[in-house]
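Structure, as structure tokens:
Here the chain labels run A, B, C and D in written order, and each chain numbers its own residues starting at 1.
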């Protein structure tokens, strides 16, 4: 059973339009214990569904706090998971907000330094403030996004 | 009340077609005092409108002269403000000239190294010559462009 | 007249041995207003002594908050000032702690990524906690260190 | 009580001369489970001794498998822990082998790309073959080396 997402997160995940709104400010930095809890939940979900994936948690500056690569994961996913986490933290929005913009024709955002327009990166929120971000890579972008959401739900 | 833009700047901001023309040559480099004046004006405008933004001023080679990040600005805007300023100085045109080209279907310009196709970077002109550039990031691309224009107007 | 340094800072600057001790934890991030105050004081001191210098203030992760390059400063000092600030913030000690180690024969520290072993970078402290760092470059390393100390004294 | 080191590791740690010998070939890659076990043991030892440290485990190519940064660790230790692990894996020897060489006057090794000459990186061995490496940073180089050795001992 997957626990329901927090409301703010659900909005971020479900509504591309929300990403157009002003993103929340930074709050206290995610702790290692929180990072591990999110990665453990995401990895368990990936294992349950038979995926091989990489997971990265970063602080608001994009500094690495915790990382895990499941055995057998494609090596390219290391940099992708890191980039998704960093982009989510540094731009305070899900990476899907950018892929939605590209899909809607705003191709020019691809020139933004530090941005990755592939679903699977989600800001980690506490009381509406961004305390870090989780990046997942290894499946389709939709699968990456679903697994990342399960990881964040573990912080409820 | 926002002061009227200088004529040359107004053309650059208002008319995408102008960017297709041959950009002016380089002139004397912007001084630190001028850079600070532009950033101070841009920051005051950002504060007035409730934005959190980063500001960068560079010389004609894209070398950094002055930078400020307002408290609470998303970290990703640091690199974006720098990239907008550098792109404007090194290609001697507003970054909006590039986003207009991408919007018009000329996607291939995204492969240009050192170019960012997001509004918010403006060349700083003196007597028609490019003496540096100002880059702004933190709001929507339109807001970034408006705040950058206020910054440049302070150099009149 | 130069104001006396805060005690903790004086220890950091004066006593290489202090750098061997466990550095303090990170505290709240330096604000833009504090960064500007430190840079203004350092720049005034540099001007008074006839130096041309660059100044950078970063947060605990080494993220840029404010930067100024005085007119006529060698371009190489841009990266050096940034590197000194980042090294001081990320390793929570003055860059002189590293140059002292090299001078004492511990050459191997030169292989540390993100470290610069040249005086002129100082952590910015509040209640014993590192809230960022100031890097200065453009003079001799001793001059850079003296000017940086004047910048930090402005935060008293 | 600290468990005795495996014989091969003890040789690597205790005898700088051993590093001059031809290092062993690569074997099967360390698994995520093994990486986590080593990091958990190292982190417990660091906590026991009151250190704040970062830990990285990489495969024989230096590709990241697992990473953890303890709360409060200096940010500079992220890159240092990664560099120690990569250097150990790619050169198949403890990073102390290089610092010993520098200390003995062979300064030129500092020009080796991908090498870090600071204790705290150890190859992870299975049946005499290098399956990856563990890098630790945050204390003195000696402390980093001791904590890394405890991490490796957990793989016995």
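Points worth noting:
Keep this in mind: contacts are C-beta pairs under 8 Å (C-beta built on N, C-alpha and C of every residue); 3 or more make two chains touch, one makes a residue touch a chain.
Note that the coordinates shown come from a computational prediction; the quantities given were computed from them, not determined experimentally.
In terms of the stated touch criterion, the partners common to chain A and chain B are C, listed by label. If you average the CA atoms of chain A and of chain D, the two centres end up 30 Å from each other. Inter-chain centre distance (chain C to chain D, centres taken as mean C-alpha positions): 31 Å. Centroids of chain B and chain D (each the mean of its C-alpha atoms) stand 47 Å apart. The set of chain D residues that touch two or more partner chains comprises 75.
Chain contact topology: the protein chains form a pattern that is neither a line, a ring, a star nor a complete graph. Considering their complex, residues 20, 23, 25-26, 60-62, 87, 89-92, 107-115 of chain A touch chain B.
Considering their complex, residues 31-32, 36, 63-71, 75, 78 of chain D touch chain A. On the side of chain B, the complex with chain A involves touching residues 52, 72, 74-76, 79-80, 83, 98-99, 102-103, 107, 110, 115-118, 140. Residue ranges on chain A touching chain C, taken from their complex, read 59, 61, 63.
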